[in-house]
Structures are given as structure tokens and as C-alpha cells.
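There are two complexes below, and they share chain A, which is joined by chain B in the first and by chain C in the second.
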Partner chain A sequence: MAELTSTLAKPQSGEQDAARRQRRAAWALTLPAVLLMGVILLVPVAVAAVLSFTDFSLGNDSFNWVGFKNYDRLFTRSTYAKMFVATFTYVVTVVPISVGLGLGAALLIQSITHLREVYKTIYFLPVMATLLAMAIAWEFMLHPSIGMINRTLELGCGTVLEHIWPFMANGCVQGFPVWLGDKRYAIWVISFIGIWQGFGFNMVLYLAGLTGVHRELYHAAEMDGAKSGWERFRLVTWPALGPTTVFVVTISCIRAFQVFDTVEAFWPQGGGPNKSTYVMMFAIFEKGVQQNLIGAGASITVMFLVFVMILTLIQRWLVERKVHYG
Partner chain B sequence: MTHDWWKHLILTLGALIVIAPFYMMVSYSFKSPGEIDRGEGGFFGRQELMVDERCVQLRDPNRDEITTARTRFPNQTDRQIHTAMVAEATVDCSMRPVVFNYSKAFTEAPLLRYLLNGVIVTASIFFIQVLVAVPAAYALAKLKFWGREAVFSLVLFCLLIPVHAIALPLYIMLAKLGLTNTYAALVVPWTISVFGIFLMRQFFMTVPDDLIDAARMDGMGEFAIVWRVMLPTAIPALLAFAIFSIVAHWNDYFWPRIVVTGNRDLFTPPLGLREFKGDGDGSFFGPMMATATVIVMPLIVAFLLAQKRFIEGITLSGMK
Partner chain C sequence: MAELAIENVTKRFGETEVLKGVSLTIADGEFVSLVGPSGCGKSTLLRLIAGLETQTSGTIRLAGQDVAGLRAADRDLSMVFQSYALYPHLSVRDNIAVPLRMRRLNGRQRLPVVGRFLPGAGGAERQLMGDVEHAATTLEIDHLLDRKPGQLSGGQRQRVALARALVRDPAAFLLDEPLSNLDAKLRIQTRVEIAELHRRLGATFVYVTHDQVEAMTMSSRIAVMMGGKILQCAAPEEIYENPADIQVAEFIGAPKINILPVDVTSDGHVGLLGRQLPLRLAQPETGARIGFRPQALRLSGADAGLTGVVAHTENLGSEVFAQVSVPGLENRVVMRADPAQRAALHLGATVGVDVDCTAALLFDGKGQRIRNVSVKTTPELAGAL
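Our next item is the complex of A and B:
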């Protein structure tokens, strides 16, 4: 900084001098950021890549190179098979539904005249709330005997619902599910909470996208014979929202891959009934941090980074091609 | 409105589902354990006086206390004095459920300390992020220098790396440096916000060059230009980034969970709540939900007060 001001104080001697000064200032301004990017983002990626080929553990000074053994385990052990199943089930469920609900809510909210702000505010609340706290609230809601959900379901017993809905009939006789303790439901409960938390964010992005759709386009479409609301949506709204959709899908995917808080809050040991919710982030935490099996954790980290990079590269490719769906 | 009724029906049903856990959280934080167990009392509970059994047990008089209390209860046997003193304790330990829940939230665990930690960590992260990102963003947007393209490509590449994903190697590096269980461990990985650089750069690109040239004519150095000329023009972008950053780090649970183990003095609010849950038995639903409410509320209240700003902030940061 001192050097910077002293060079500035000198009398200027032409264009070249000014250019050199600017160059030097530019490097002084970017250097902290570049250094931190290197140390905090790039070096760890390299460290993870290297450690994934070792049996390193904290507290042990020596380690052995184990080649692809960690990766080999990733694709042969049944625990890791469950990890991939849980992660992909979650992502494949949460992303389409939260994007769909976000779009649906945005379209509905945009088409009404009253109470817009109220709905918008309510749907956005879960985005702001501490997920861990809300997970605990959901845990109470899902409590098998005193939770609000099973209590509400019990109200349906003895009504017509019991006859037309097998789930209800079953629940009234044998008791309603224990949700978090049942391996058939656990992953879906987690997914539901993921959708509950994330769709408001997508809605807000879609609402912003919708304001960018030109009115004239709708008139033009109507001239061309697009009479029904569905036709107008298919011909005008959806293509115009293409870039928003690409972004919303990518960011939802990346967030969905990173699910952790709910899983850790509900099942601090072991990732759910029968490992049915053993998602990647939890696996990294359990193997790498809790069990000090750094090699295993590092290989999961590398897989994770590969998934995220592929996703983002697909997104950038779509954006550059300016793909409009329709 | 009349022909929109079905839209309102759908939106209202959705809103009820979205609000349900918030409703339950706040409602349980008002109710007594009995009301929670039996599911009665509406939203606020009946707020009948309840007795804090633990408080009564703690005040169970011992022999010495009974002896000293003899002067207050003349002509009574020790057993009678004991009963009278327990009755006194019971009266003193009676309180409304809402008072019980919230006072327990703050006394069972050092919740104030957790909240303070949350503020310290969130504020330091944001402050350092701005300090690092704004100058870099200005240089990338407005200065010509050798290597600019390379630095910008680096920024674009780093946008691909979610910090949570590389938590394990970061944790190992911090552990090797002996930094786990410190404030530094909570803050350091977040000091560089690539996204912040990107966002501010996009914003600075729209600032006219004339403004900067004029400042240079006035003899300002590049450093002064960053903070005295560029930053004031970028307040909207900075606010958006502030909201983005603060929301993310106040609510973050994964990273603190990894680098803070056991040392309660460093717990952030989500860690404190987690600890509370681990310790609690069934009767502590009320105080636990009070803790959850206290932790969630600051952001929710800020959001309700400045909704437009928050939504704009999140969308601005979303749309890049």
C-alpha cells in the first residue's frame, strides 16, 4: 500500500507510466483473492485427490499408497451402493418436484391480483429459516404418537377416506407409519423436507424470470391462434423461461447433492434405518471426520466434486448454446 | 377474485403446509409438557401455572436448612417444617409455561453465548469477504493488466467448487495447523467468496468509466477509488451479497459441526440447538422449541421487515 501511494505521488511521465502503475495496482488488488482461492479452494481439491490414493489418517505421521483401493471399495461395498442409491433418489426426487412446484407457484402467484405478497412471503420463509432447527420441528411433527401428522391422519379414520384410500384404511387398523424409523419412508421424508425448504427459492427466481417475458409475445401468440392458457404457456412462457430453468435446475441439483443437516439431525448414528438415507455428505462426515478413515472420505469427496463439475459444465454448455426448451 | 378461487385454494393449502412446522415450533415453545403430550391448548396453551419439578428438587431442604428455619416456624416438628418449606419452594418454582420454556432455553445452555458466537462468526466472514472480494472485483472489471483473463478464468473455475464439498481436506489442513476448535477454523474457509467477486465484478462493469477517470484526475489512487468511489455506487449489490452471505452462515450447520468438537464456548446457534436435542429427555420439548424459535427468529424478523430487499437480494445473487 505504501509503495502504491508513493508511486502515485511521483509526477506522471506519460501514458506508459500510467499503464504500468495501473498494472501494479491491479495485481495488488487481486493478489489476496488469488492467494486465498489457491489455498482455500484449489489446494484442498488437490489434497483430496492425493489422499484418496492413500490410507492416511490424522495422528499418524506415515501413510501408504494404496492405489485405487479406496475407489474400488466405493463401487463394490454394499454400504456405498446404498450411499449412491440414497443420494440419487434424493436428488432425482427433490430437483424436479421443487423446480416444478417453484414454477407452479410462480405462475399462480403471477396470475392473481390479491394476496400476492402474502403467498410469496410465506413460501419464502423456509429458505430463510435455519434448516437444522426446522428439521427438529419436523421431527416432532412426524412423531409416531404425539406428532401433528399422525394426529391429523387419525382424524380421517371412520370417514369416507378410510374406504377410498388404502393407506388410510391400513393406518387406522395397524397404526400410522413411524416415518423416520421406517426404511420404506425415511428417504421420502427427507426428500419432502428438502422440497419444502427449497421450492420457495425457485419460485422467487421464476417470478423474476416471468417479469422479463414481454407482453407483446403473448399478443403475438394469440394472433397466431394460441387461444388456451396451456398453448400460451407452451409457446411463450416456457421457452422464455429457458435460461431461468437451466439455472434453477443446476442450483437445485448442487444443493440437493449437499443434503446433510436433516440426515444428521434425525439419525446422528449411521444414516437412517438400514442406511436408507446414507447420503454422500453424511458419508464424508462419518468416514473422514468421525472414523478418521481419510482415504475413504477423500475418495467420496472426489466423486462428489466430479458430479458437481459435470452438472455445472452441462449448465454452462446449455447457457452458451442459449437453448430454449419448447 | 371470484374466478381465481381455485388458485387461492391451491396456494392457501400450500401455505398451510409450509407454515405448519413454524406454527408447531412457536406453539410448543408456549406450552407446558402436559399440553404437548396430550396435544391440547390451541396455539398459546392455557398458560396455567406449572411447577418446575427440577427446581423444587434442587430446593429440597436439608437438615441444616430446617434447623435454621425453626425460627420462622415456631412450635412445629421438623417434618412439618420440611413440608412447609417444600410448599414454599413449590410456590416459588411455579410459573407460566411460556416463562418456563424461554427461561430454560437461556439457562440450561449458554444460548446467549451461542447467539453471540453466531454474530461474531457471521459478521467476521462477511467483513473479510468484502475486504477481499471488492478490490479484486474492481480490478477485474475496470483495470487492464497482464493476467486479467487468467484470473477471471480462475474465478469462473472456482465457482464450480462448493466449499462444503471440500470440507474434509480443509478440515485436515486446519487440523495439521492445530486450528480446529478456534474461531479461525469457523471463519477461514469462507474468507474467499468467489461468488462475491463475480457478483461485484458484474456490477462494477456497469459503472461508467468517466467516474473513475474523474477520480484519477483528482489524484486518487486505485485503492482509494475502490473504497471511496466504487463501493458507494455498489450498495445495492453489496446488500444483496450481505443477505446472501449472512443467511448462509448463520444457518450453516455442516462446517461448524466438523471443526468444533466439544468446546461449547465456540458453539454457533445450530450446534447449540443440536447439543440441546442430544441432552434433552422427553419433557424438554418446550424449552427446545423455545431455543429453536430464538435461533430462527432473527433472520425471519429481518426478512419480514425488509421482504423486498431480501427477495431482490436473493434473486440478484441468483440471476448472476
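Our next item is the complex of A and C:
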């Protein structure tokens, strides 16, 4: 009997050994990647999360635990209220418009036969340019007295435009806006620059998505009675671009949450007129780097991570549930 | 239901002329196959009929009316595509409903969510859902109505595409190689089903295929196309037994017809490999060729007219095809034999082959059929080969 069990057990233990060896080898092989991921991704996030509960400053030997005080400030101080307003205004403006323009440009470029590459390059140029350098160019253009934009607007004075457009009438009498110095305009100016800079990227993603739409589907739609371009867009193009749209919207949202360079270039000391462009990234920079309030900076960073995490989860849910046709 | 008339249609894409003057009349309720090798222009012709392309010249009439300038959507034709072209985001039910919704509902009623609450939309929607279910029942896919195309097999997708085509009762059906994405077994089954569907609906079918077996088994008439022209358009039997052109003879029939070069004497006698055949032409011909279907060849003794070595055999169970290398002939001769004769057809065996000259097809130097052939069935001449 003992013999029997031992002969039975032997191959089994051999199998177990093999399985264990394989597991060990698998862990050993993934270890460098796991270590790297921990050290450069997870540990910094954890450190930021921990620091957000302290009043740590760089250079100090010790710190005090302050509990939720940093977070409490985030939701009670008016500066932070302005931060959320500026950030969300920017995101809500830039994302739909840059996605819409990207899709529109992609559809237009797709529909032409000549000069495709030229248009693609032109629309993609702002994406390739350094935003900081571009911000300087924009600063000149937006200058209230010598800037190209106000100079151009002044040309409209005395024409019919003055009578039909109240903004023009107002500007001709009282002077055109100080674009970067007026809290009514500042956030819209950086939103505009964000759209100008970002939609070319979305266009390229949509162009890639459009190449994946089966040509025969358009013919089928035509045979089925979809006569107008709009009907064919609704029946074929838009559903086929579903996965692309989810990706484009998510990427655009994350990029919009990350807006920083324009704000830093235009208003290095403090987030625009009356903090109207005090976006999250700039707040993190100001608190954490300029003022060395690491705890406060960390708490904004954690908030930022939460927003991005929510967006990513929504994207994953949409990709898995709604737009995956298999 | 309508007659379809194509008159002298040409089509160019830039420099290349894809269709070189095609004329074809398809009667109401007919099943016509356009068959030919790839690149012969058959799909282009179908797309011209559909209205997805515009012809360079010529006219296409549907029920006597010139359809030039009429959009595909307005031609009242249905098309089944090679890739099926089902809308991947819509369920089977909605896929089949698309042609009805596009035609029976107006733009506002088709709007998502709000559309169905507009006056008249509810009733129209109920009615068209009834039609969708009827079409689905006809094709036995009513249990799949709530699935997405991605969850269906190739054969099921094909049925959905057919259901979408027949749901609105069009004037004619255009089918562009609908079976080419199916596996061999399913193709044979669907072939029968499409033929039966045609009989039941009594509608006009125009069927494009490169597979001559599909064309032979399903159609009332076959139009064989090559190089942008219709070489012959006739019933399948006629095409097979009486091809007008050597290319038609070679394209239709599997295994391929045997084409052998013959010598014609000045008085019209036909000779093959130096032996006289019991055939006589009305006038001498240079470069003439003779065609024998594999079943016109018989295994015989070693003293037969054609003697060669068996180079390859294909046993299909009910019949055997033997490829025989005959000295003096460039191509192997393919012969049909009974399974009982298999023993004599082992590889390397020297066999004699008799030909049935009454089934011979003669072609002139340009490949045109020579109709004026007299066959002498005198015993001594028939015995000569």
C-alpha cells in the first residue's frame, strides 16, 4: 500500500515542483518591471498621498501631521474655489470644441483628394510647436495696444460692423479688451489657445479612425436609402468612430486638466487677473514649488489624480460596455 | 419586379477601360449570373446597375425607365455585399429595419429617442417591425434578432444581409459574391437556399461570382464576362454544351475542358497528332483547336488513338479524373473514368484513350466556335481513334 501511494505521489510531487519552479521563474522575470513600476510610479503617488496629510516643507527636518487640514482648505478657501472654476471652465470648453473641430477637420480632409497632406501638416503644426514659445507669440498678438488682434479689430471701427456688433461698438469707444489682463477674457483666451493647439492631435487620431471604416458600409447605407451625408455619418461613420471618440475625449480631458504652460508663460506670478486662470497644475506648481508648501501641493496633486482616475475608469467602462463590437 | 436592360455600357477608370460596351437584358423574375475571372468587370457592372458608380457611356433601364442620374437610394434595388456590410453597432433587428426606417420614416421621426414619440412614428415603427420579423422568419434567423453582427457566424451574417435586402421588396436583387466568405460546406447549402429563395420570391436576381459552379447551379442564364465584355449569355446547359468562344469553354466546367491543337487539310478534314478524325469542316482553317470535356474521353485498349502515361489521378468517390501525359501534346489530357476502372489508372500506367467525336467542340484560330462541322460516324473511321 505504501509503495502504491509513493508511486502515485511521485509524479504528482514532480508536477507540483515543476509548477512551483515555473511560478518562481515567472516572478523572477517580472521582478525588474515590478520594482521599476513601484519605484517610479506607485511609491511617488503613495508619498504624495502621505505628504498631503502633513505640513512638510522641503529643507525642514521634521513635519507635523495635520490630518485633513490641507483638504479642508481645498474646499473652503476662495482661492481654491477659483482654481476649480478655472480648471473646469477650461476642461468643459476645450474638450468638446477640440474634439468637434478635430472630427470636422478629419472628415473634411478625408473628403478631399488633393492637398490632403498640406492640410494635415498645417493643422498639426501647433501640436508640434512648443507651447511656451507659442505663448510668447500669442502674447505679442494679444497685446492691448500694439497686438495684431486689437489692431485688426480697430479696422472694423467706422464700418457697418460697429452698428451690428455691440462688442465692436463698445471697443471702438472705450478701447478693445486687455485680453490677458481682464478677468472676463483671460480664461477664454487660454481656452482658445488650448483648442488651437490641441485639435490637430485629435484630427490625426480621427483620421486614423476613419481609415478603419469599411468602405462597403457606405455603399450599403446608400443602397438602404441614406441619401444625405448626415444620414451616412449617423449610420456608419459616427458609430464606427466610437472607440476613437472615447480615446480622443479621454486624452483631451487629461491634457486639459494638465494645462500649465500658457498660464505660466502669461502670468508667472499668480494665475491670471483675479486668479481667473488659476488652474490646478499651476496651483500645484505655485504651492509645491514656488511657496515650498509641499503638503498643500500634495493635496492638490491627489485631487488631480482622483479626477484623472475617474476619467480613466469611465473610459474603461465605455470601451468595455458600449463601443466594443468585436 | 422589373425588367433590367443594359445597352452598350462602358466604364473607364482613368486610362483603363473596365467595361468595353456591355449589353444585356434581364427579364422580370430571371436569375442571371455574371461570371468571370477577377478583374473582368463583373463587379463594376453590378455597381453600375446599383448606382454606386456612373457609367462612362451607354444606358441602363429599369422597368423601361432610364436610371441615369437616379441615385442608388432611389433605384429601388437591394444589394448583398461580399463582406455583408452589416452595421456593427446595430442589432440584427435594427440592421434589417434600416432600409425600412430610411424609407418609411421622415428625418425627424428617425431622430434618436425623441423620434419615436412624434406623430405617426409609433404606428410606422410597429408596422415595420412586423415586416422585419417576417423577413427574419423567411430566412430562419428570427431567434437571432437581438444579437449584434459580431456575435454571429459567417453563415448567419450572410442571412442577415439577405434579410436586409429582401425586407423592402425591391425591384431586383443584386448579389456581389455573397458566398465567397463562407466555408465550402455552407456555400453548397446556401447555394440551394438562395436558388429556392429566388423561386419563392419570383424576383429578378443579378448574381456576381467568379465561381462557375455557383453560376451553373443557380442561374436561369449565365453571362460569361472576360476583359470587360460579355462573351456569351445563355442558359447554363447551353453555355456548357455549346460555348461560343474558347475562353467560355475553358472557364466553364470542372475539370477544365481539354483543348488540343488540330490540323485541318485543304478539304476540311481534321487531324489530331497525325491521325484523321471523323470530323470535317466546311472550309480549311489555320490554328484550329479542338475541345473535349473529360467525359468525352474513354479508357480503351493500347491500340487507341491517344496513348499516354497516367501522370496524376483524382478520386472523387463517384468518379475518377485521370491526367494523362500524351507524347506530342503540351498539356496533359484529363479524362473521366468510373471508379471500377481505377485499377487500370495507377500512376505511370500506359493507357489508351478514345474520344467521342460527336461531343467535340471546334474553335478557329481566333478562338471562335466553328459551328459548321460534319461528323462521320462510319465504323471504320470511328475506330481509327
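Quick note on the criterion: the second predicted complex is superposed on the first by the 289 of 326 C-alpha atoms of A that agree within 3 Å, B and C clash if a C-alpha of one lies under 4 Å from a C-alpha of the other, contacts with A are read in each partner's own complex, and residues count from 1 in each chain.
As a convention for this text, contacts are C-beta pairs under 8 Å (C-beta built on N, C-alpha and C of every residue); 3 or more make two chains touch, one makes a residue touch a chain.
Since we're looking at a predicted model, the values are computed, not measured.
**Q** Per the contact definition in the header, classify A:Trp317: touching chain B only (first), chain C only (second), both, or neither.
**A** A:Trp317: touches no partner chain.
**Q** Just chain B (first), just chain C (second), both, or neither: which does A:Val34 touch?
**A** first
**Q** In the superposed arrangement, which partner chain does A:Phe75 touch: chain B (first), chain C (second), both, or neither?
**A** So A:Phe75 meets neither chain B nor chain C here.
**Q** If we overlay the two complexes on their shared chain A, which of chain B and chain C does A:Ala265 touch? Say first, second, both or neither.
**A** first
**Q** For the three-chain arrangement built by superposition, which of chain B and chain C touches the greater number of chain A residues?
**A** B
**Q** If we overlay the two complexes on their shared chain A, which of chain B and chain C does A:Phe124 touch? Say first, second, both or neither.
**A** Touch partner of A:Phe124: chain B, not chain C.
**Q** Touching A:Phe167, do we find chain B (first), chain C (second), both, or neither?
**A** neither
**Q** Who does A:Met309 touch here: chain B (first), chain C (second), both, or neither?
**A** In the superposed model, A:Met309 contacts chain B only, not chain C.
**Q** In the overlaid three-chain picture, which partner chain does A:Ala226 touch, first (chain B) or second (chain C), both, or neither?
**A** It touches chain C, and chain B stays clear.
**Q** Considering only the contact definition stated at the top, list the common interface residues of chain A for chain B and chain C.
**A** In the superposed arrangement, which is not itself an observed complex, chain A uses no residue for both chain B and chain C.
**Q** Which part of chain A faces chain C closely enough to touch in the complex?
**A** Touching chain C from chain A are residues 214, 216-217, 219-227, 231, 235-236, 239-240, 242, 325-326.
**Q** Spell out the residues on chain B that touch chain A in their complex, using ranges where they run on.
**A** Going by the criterion above, the answer is residues 1, 4, 7-8, 10-11, 14-15, 17-22, 24-25, 28, 36-37, 39, 132-133, 135-136, 138-140, 143-148, 151, 154-155, 158-173, 175, 188-189, 191-192, 194, 197, 219, 221-223, 226, 247, 250-251, 253-254, 257-258, 269-270, 273-274, 277-278, 285, 288-289, 292, 295-296, 299-300, 303-304, 307, 310-311, 314-315, 318-320.
**Q** Which bits of chain C are touching chain A when the two form their complex?
**A** 47, 50-52, 71-74, 77-79, 81-83, 85-90, 98-99, 102-103, 148-151, 164
**Q** If you look only at chain A, which of its residues touch chain B in the complex?
**A** 1, 4-5, 8, 19, 22-23, 25-30, 32-34, 36-37, 40-45, 47-48, 51, 58, 101, 105, 108-109, 111-115, 117-134, 136-138, 140-141, 146, 148, 151, 196, 200-201, 204-205, 207-208, 244, 247, 251, 254, 258, 260-261, 264-265, 268, 281, 284-285, 288-289, 294, 297-298, 301, 304-305, 308-309, 312-313
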